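Here chain A shows up in two complexes: once beside chain B, once beside chain C.
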Partner chain A sequence: MRTMSEVLPRSWKEGRGKEAWIQRLSLLLLIVALFIAILAPLLTLFSKAFVNAKGQYIGLANFTTYFETGAFVQSLQNTSFVSFTTACISVLLALVFAFALTRTGIRGKRIFKSIAMLPLFAPTMMHGIGLTYLFGHQGLITTGFFGHLPFSWNVELYGPFGIIVSEVIYTFPQAYLILLVSLAFADQQLYEAAEMLGASRIKSFLTVTIPNIKYGLISSFFVCFTLSFTDFGAPKVVGGQYNVLATDIYKQVIGQQNMSMGAAVGIILTIPAILAFIVDRIVERKQKSTMNAKSMPYRIRPHKMRDALLFIFCCLVSAAITLLILTVFAAAFIKTWPYQMSFTWAHFNFSQTAGEGLQPFWTSIQVAAWTACVGTVATFIGAYLLEKINGYKLLRQIGYFLSILPLALPGLALGLAYIFFFNQPSNPLHGLYGTIWILVLVNLAHFYSVAFITATSALKKLDAEIEMASLSLGVPFYKTFYRITVPICLPAILEMGMYYFINSMVTVSAVMFLYAADLKLAPISIVNMEDAGDIAPAAAMSLLIVLTNMAVRMIYELATRQIRKKSSAWQNR
Partner chain B sequence: MNVKKWMGLLVTVVMMVSFLAACGDSKDSKSAAASTDTGSKASASKEITVYTALEDDIIAKYLESYKSANPDVKVNIVRDSTGVITAKLLAEKDNPVADVVWGTAATSLLVLDQNGMLEPYSPKGVEKVLPEFKDNQSPTHWVGIDAWETAFAVNTVELKKKNLPIPRSYQDLLNPIYKGLIVMPNPASSGTGFLTVNGLQQLMGDDAAWKYMDKLNENMAMYVHSGSKPAKLAGTGEYPIGLSFGYRAIEEKKKGAPIEVVFPKEGSGWDVEANALVKKATIKPEAKAFLDWAISEEPMKQYNENYAIISIKNDSKTLPEGYTKDPMSQLIKVDLNKAAKNREATLAEWTKRYDAKSEPKS
Partner chain C sequence: MPSTYLSISNIHKSFGAFSALENINLDIHKNEFVCLLGPSGCGKTTLLRILAGLESPNQGSITVEGRDITSLPPFKRKAGMMFQSYALFPNLTAKQNIAYGLKEQKMSKSDLKDKINEVLSMVDLQHVADKYPAEISGGQQQRVALARAIALSPDFLLLDEPLSALDAKVRERLRKGIRRLHEDLGMTTIMVTHDQEEALTMADTIVVMNHANIIQVGSPEEIYEQPKSRFVADFIGAVNFVENDHVNHYNDDRTTELAIRPEHVIVSVSPTRESKAAWISEMEFRGAFYRVSLTLDIETNSVQRGHVQIVADIPVAAAKKQQLKRGMKIYVELPHQHLMNFGSPQVERVLA
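Coming up: the complex of A and B.
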C-alpha cells in the first residue's frame, strides 16, 4: 500500500509545512508523555530491585533471598496453582457460556449478557466478602440457610478454595468477552462442508469450532492466568494462611516497608504478564487471517436438546453470580449476621469504622471521573496520532509499543514503580506525589492499553481516504479530526470513558501504595475495614461502588443509544 | 446528520476543555504544593503530621477537644496498625515525615528511641503520669496515655452449639477441642499480637513460650492483620475464639455480639499507648503543644471512657465496665525495654515459625 506522501505531489506537501510541524510536535509530546507515565517508572522499579534498603547495589541478592526463603517459594507455587486452576475453570465456563449466546437459539440472551458483566463492576474484595457470607462458618450455604434447608455444605473457604472461586468470578467476564468475539464470526461454509462429509455435530464442534477459536482460547487462558496471578483483593479477604505473591508484596511493602524486596517480588509478578503479553501479540497477528471475503456468516440451526441444556447452564452461572452479589447486598443491611437478622442502615455510617466516613467514596468518584475525562481525550488523541499520521515510522512504532506495554504490567508493580519514580525529590514531577493527580495518572497508565486498542480498532475502520480527501480539499487535519473522526468514533470514545471510570472505581492494586492520608479511595477503605474485621461496612462500601458503576453503565447505555444509532447509521446498508 | 456533527463538536470541545483544565489543575496543585513547601518554612506553624496506631473509631472523638482549642492548626492524621506505623517511621528515619507520634505502642517507641529517632521532651503535666507508664529519663523520651491488654473474645452461642466450655487460660487454648476455632493477630502487623507474644515470653521464659506457641499454632485457624479483627470474627461466630484486647472485646459485647470477654487466668500481656516527639531539623512548637494537650485532662477523660487503664492515677473506686476485678491486677510483669530490644528478633522468629505456614488448617 502506498502512503499518502507518495501519492501527493511535492508542492502539496510543502504547502502543509505548518501542519506537518504540528503533527511532529504532537507525536513527540505523546512519546514523552508515554515515557514519563510508563517507561521511566518501570525502569526505576527494575533498578530498585538490585539495591538494598540503603540504596547500595547488591546485584541479585534480593532475588536470591527470595528464592532461598521457603515461604516465598511456597507463595510462588501457591500463586501458580491457584492461577492455573482459575484459568482452566474460567475459560471452560466462559466457552460454554459464550457458545450458548452466539451459536444457539436460547431465550434471554440479553439478560445473560448483562449478568455475565456484573462482576466487572465490583472490586475483587467484594467477591471474597460475598463468599464469606455464603461459605464462611456462618455462611448461608454452610449452615443450609441457617438450618432452614434440609442440606448444608461445609467447605474450608479460607485458602485455595476461596481464592479460586473468587478469581473465577473475577476472570469469567474477561474470558467470556474474548470468546464472545472469537465465536461471533464463523464461516458457515466450513460447517456445511463438515456436514456433507458426514461429521456429527460433536465432531464438527471439535474439528471446526474449536480450531477456529483456538487463538481466542489461548488468549483468554493467559488473560485469566495473569489476572488471578496478580490479583490482591480476593486473597486478602479469603486467603487465610494461604500466601500468594500479591499478599507477599503487601506484607513486604506496607507491613515492613521493605521497598527493594517489594520491587523484587514485583518483578517476579510481572513475568507471567509479560509472557501473556508476548503470546497475545503472536495470537493477534495470526488471528487476522481466519476470515476472508468469501466467508459466509454462521446460521444458527435449531436443536431443542442442546438449547435446553445450555439454557440451564446459563441459568446456573447467572444464578451463581446474582446470588453472590445479592448476598453482599443483604449483608450490608443486616445488623449482626447471623444473630440479629434485622434491617439497619448503620453499616453505611462509615465514621465508626476503619473506613473514615464516606470521604473515600467521593474521592474515588472524583478520581474515576478525572481518569475517564483526561484518559479518554489523551488516549483517543494518542491513538489518532499513531494510527492516522503518515511518516515518522520509528516514532510511531515506539509510541505503539509504549501504548500496549501497560498490558504487561500488574497494578501492584506499576504502583511501586510510581513510588520509586515520583517520590524522588529530584524529580521535577515530585509535586504530583501525594496529590489526586498521581492517582489519576497511575490509573490512566494502568488502563491505557485496553482503551488504546479500542480507539485504534475504531480508527482502523475508517478509511484512510477520508484523510486524503480532506487533504486534497485543503482542510487541515485537526478539522477533519473533530468534524469526521470524532463523530464517527463517538461510540468507541464513550466506551473508553466508561471503561476508565469503572476500572478506576474498583482498582486497588496500583493506587494502594500511592494514596495520601487524606485521599483514601473506596476500594482501599474496603481493604482497611476488612483488615480491622469490619466486614459488614466493607460489604456496604462494595455495594456503593457496584451501584455507582451500574448507574454509570446505564447512563451510558441510555445516552448513547441515540448517538449510536445516528453515528453508525452509515454502516448499515 | 446535523445532530451527529453537533454532538461531535460538543464532545471534542468538552474533551479539550477537560484536558486543558486537568493540565491547568495539575500545574496549580503542583505550584500549590511547592508554595506550601516554601511556606512551611516561613510560617512553620498551622500544620502538623501525627502518626498514630489508635483505633480508627475513636480518633475523631479524641481530637474534638484539640480542634476546638486549636482551630487554626491542621492536623494530618496518618493511622495504621502498630506494625505498619513502626515500619513506616523506621523507613523514614533519615527524612521523617511525622512531627508527633501519638498513641502508639511504647515497645515501638522504644525501638525508635534506640535508633535515636526521638527528641526528648517533657510535656506539661508529665509529673501526673505514673512512673511505669513513661520513660524514666528526664526530659522524657516518651509518655504513655493508657495501657491495653490481651483478652479473649469468646462466642458463647457457638461454643454452646459445639458443647464446649469457655477457655479461661492460655493453657486451656491448647486443648485439641478448640482446634481450628481460634484466631489471633499477626504480631508483625498488630500491636496486640506483639504484646500477647511478648507477654507469653516474659511470663513463661523464651523457650517455654516458643514451645507453647508451637502447640497453640496447631489449634490456630489463622493469623490476621489487626488486633480488632479476632474480636469481630468472634462476634459474628465466624471463628468463635479471638485473641484480642480488652477494649475491642468489650466494645463488641456492648454492640450486642454474643461474646464473653475472658481475661486469661495467668494474666494478660500488655503495652502502653504512648506519645513522643520526632527528632527532625525543624521541630514545630505546635508539635510540642500537641503533646501537652495529649496528656491534659480532657483527652485523658476520653481515653478513660474506652480504656480501663490510663496512665494517670485513677481515683474511681467502681470497676470499669466489662471487668470483674481491678484491671491493673490482671497485668503480668512486663519489662517494656527488654521487649523493645528483642522486638526485631522475636518478630523474625515468629514469622519464620508461623507465617510460612501455607496450608490452611482445617
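Coming up: the complex of A and C.
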C-alpha cells in the first residue's frame, strides 16, 4: 500500500507547503501587530507609574502619594459611589425594559428598541449638555418651562446627581442589550413545570426567570460600573466641583503635565475594568445554554395589567431619552437660551468658538471611516487566523488573549499608554505621533475586542469542515476565505464596520491625549467649547455627530437588508 | 369492565387554520396505562397538554370521576406532568427540584424530608439527591423529572415523550422502570409517544392517532394483530400489502387489499398447494432473524403488471437450514388466518 504523500500529486504538496507558510507568517504578523498596538503601550504605562517626573525608579511612591492625598482619595470614593449607583439603576431599568420587550405582548416594541439604542450614537458630553438645558440654572424643568408651568423642580444638577443621570443614560443601552439576549431564550416547559407544581407567577419569575438570566445580570452590572467608572465626558460637563478619577487624570496630564501621576491614576482606573474582564471570562465559561433539542420556545401569555404597566414604563424611559435628545436638538437652533428663543443657524458656524470651525467634524468622519475600513478588515482576518487555522496552538492562544485584552482597558488608560509609547523619540513608530494614523490606531485598539468577538462568533457558526472540504478539493485556504467565509459572514462584517465607525465618532477618552493641534476631533471640540462656555455650539456639534451616526446606522440597515436577503438565501428552505 | 375514571368527550382544538384535534372521545379507566401513539403532528401532544390544562380546547369537556375539570387551571387538576425536555430547574439540585412543588403545600419540615426521600428511593436516586441537573446523566435527569411529577401524589400522571431524549439502551431500562412505578403506585398514566415499540411494551391500552383523529383504541395485541385500517397496520410493526388477486384467497371480483406481517410469511424450498414461486432479491441480517425481500413471480391480471415484492422474517436457524441465499428460487405461502383485510384500497385511502 502506498502512503498518502505518494498518492498526492507533487504540485498539491508544494501548494500545501506554500499555504502553511502564508498561514504561519500571517499569524506572526497578527501577533506582532497586537503587541505593538496593545501590549507594548500598556507595559510602558505600567513602567511609567513607578518612576518620577525625571524618569527615576521610585517604586510605589506614586501610589503612596495618591492614597495620602485627601483630594485623590475623595475622588476615588466619589467615582465608586457614582459608578455603583449608576450600575444599580441602569441594570434595574434595563431589566424591566428588556423584560417588557421579550416577555410581554406590548405594542410598539420596534420603536422602543430603536429609542433605547439612541444614547449609543452620542458622545457622553451630550447627555450632560442635554441635562444642563433641562435641569441647569436656566433649564426647562428648573424654571418650570420658563414660568409657563405652575410648578418647577430645582435639583442640584452639577455634582453626583448630574453625573449619575448622564451615566445611567449612557450605560442603559449596554445593559439593555446584554439582558435582551439573556431574556430572549427560555424553555417554555420550565414555566409550565413550575405552573403544574403550583408555583405562583412571582415564584416562577424568581425561581425560573431570574436564575436563567443570572449571568446576564452580573455581566451587565460590571459593564455599567466600568463604563461609568472610566467615563470622562459626563463628569466634565455636569460634574461641577465633584471630582472623579477621569477628570483627575485630565487635570494631572493636560493641566499639570504630571505624567507619572497620570499613569498611576490610569492604573487605578483600570482595576475595575480588569475585575470586570475576569468576571466576564468566568461568567462566559459558566453560562451554559439550558436549551436543548426538546426545549420549546417561550410563549408570551396575555396579561392585560402587566402589559399596561410595562407599556407605561417603556413609554417613560423612551420619553426621557427622546426628551434629552430633542432638548439638545432645540438648543442647537435657539439663539440665546432662554432669553432669545428665536431660530438660528449661527451655532453651526463654529469659526467664532473654541471649536475652531467645522474642521474637527470632518476630521472625525475621516478617522471614523478609516477606523471602520482598516479595523473591519484587520479584525476579521485576525479572528479568522485565530479561529480557523489548525496548529500553532501557543501562538493562537497568545493572539486570543491579546485580542480580548482591550476589554480590560479604559480609553483614558489606553490614550496615556499611547503617549508614553509612541512619543518616545527612540520609537521607530514615532512618526505616527501627530498624524491621524495614531488616532485610527488607538481607536482600533480601543474597540478591537468587541469587533473581534463579533467576528469570532460569526466564524464559530461556520462548520470547521468547510476548511477541510476545500483542502480535500485542492482549493487553497485563502480562496475559500474570500469565496465562502467572507460572503457568509458579511452581515457580521458590516456590523463590525458600523461599530467601529460609531464608536470612533463619539469617543473622547483615548484620543484626548493624542490629537495634534491641527487634527482636533469633533468630541474634543465639544469638550473645548463646553469648557469655554460655548454650550449652544457644543450642542450643535453633538447633534451633527448623532445625525451622522443615525445616518450610518440607517445605511447599514438598508445595506444589510439587501445583503441578508441575498447572502442568506442559502439559509432559506 | 372497570368503570370510567377519566373521560374525554368531543374535544376540538385548532391553532388558527390548523386543526390539531377533531372530535376526540376517549374513556380511561382507573389505574390504566394509556399510550397516545401517532406520527408527529397527529395531535397527541396537544391532547396531553389539554389534559394537563396547559392548553384549552375550543370545544368539548374532560371529566375525572364525573367532576368537570375542563376549565380548571393546571395545578388544580392534581395532574403530574413530565415534560419532553424534563424541564428540570437547572439552578436547583435534584432534591430541591422535587421539593419545589411540595413546598407549596402546607407541610412540616420533617414530612417534607420524608416525602422527598420516599420519592427519591422510588426512582432509586438517593445518591444524586444533592446534584444539579447538569451534573447527572440523561437517564437520571429523566428519573428526577419523574420523581418530581409523582411527588405531589397526583390523581393521574401525564408523560410527554418521556424517553425520546435517551440512548436506546437506557430507554429500554427506563421503560421497565416507568411501568413498574405505575404498577406500584397504581396511578392512572397517560403517555405520549411516537415509538410503537414503546407503546406495545408499556401500555395497557394504545390509542392510535393520526391527522387530529383517533384511529383505533385497543390493547397492544389487538392493535398489532387486528389493525382496523391500513394506517394502523403500517404504523405499528412491519407489514406487506398485497392485492387480493395476487393471492386469490377471496374469489370475488373486488380488488381487495390484504396485508400480512413479515413474520407470518412462510417460505419453503419446495412448493405446496397454496404456495407461489418467488426469488430472493435481498437478505438483510437483523440479529435474531433475516428480513428477506421476495419477488413474487405472479402473472397478474390487474392493471399493474409485473412483479410483487413482499418481505418475510425468517429466524436465523431456519434460514441456515434451508440455506437461503440471494437470487435463490423459493416458494412463498401467505397463511389465510394471518391475512388482514381492510376492504377496498380506495375506501381505505380516504380513512388513512
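By definition in this document, the second predicted complex is superposed on the first by the 553 of 573 C-alpha atoms of A that agree within 3 Å, B and C clash if a C-alpha of one lies under 4 Å from a C-alpha of the other, contacts with A are read in each partner's own complex, and residues count from 1 in each chain.
To be clear about the criterion, contacts are C-beta pairs under 8 Å (C-beta built on N, C-alpha and C of every residue); 3 or more make two chains touch, one makes a residue touch a chain.
Worth saying up front: this structure is predicted, and the values here are computed from it rather than measured.
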Partner chain in contact with A:K460 - chain B first, chain C second, else both or neither: neither
Touched partner set for A:M296, first chain B, second chain C, both or neither: second
Which superposed partner A:R561 touches (first chain B, second chain C, both, neither): neither
Which superposed partner A:E195 touches (first chain B, second chain C, both, neither): second
Chain B versus chain C as contact partner of A:Q256, first or second or both or neither: first
First (chain B), second (chain C), both or neither touched by A:G70: first
Comparison of chain B and chain C by chain A residues contacted: B
Partner chain in contact with A:P211 - chain B first, chain C second, else both or neither: second
Chain B and chain C contact sites that coincide on chain A, given as residue numbers: none
Of all residues in chain A, those that touch chain C in their complex: 187, 189-190, 192-199, 207-208, 211-212, 214, 288, 290, 292-296
Residue ranges of chain C in contact with chain A within the complex: 52-54, 73-75, 79-81, 83-92, 100-101, 104-105, 134, 148, 152, 161, 164-165
Chain A to chain B touching residues, read off their complex: 53, 70-71, 74-75, 78, 132, 136-138, 156, 158-160, 240-243, 251, 254-257, 259, 335-340, 351-356, 370, 373-374, 376-378, 380, 429, 431-432, 434-437, 440, 481-484, 486-487, 490, 493, 517-518, 528, 531-535, 563, 566-567
Touch list for chain B against partner chain A, complex: 3-5, 7-9, 11-12, 15-16, 18-19, 22, 25-26, 29-31, 33-34, 56-57, 60, 76-79, 81, 83-84, 87-88, 90-91, 157, 188-189, 221-226, 228-233, 235-239, 255-258, 355-362
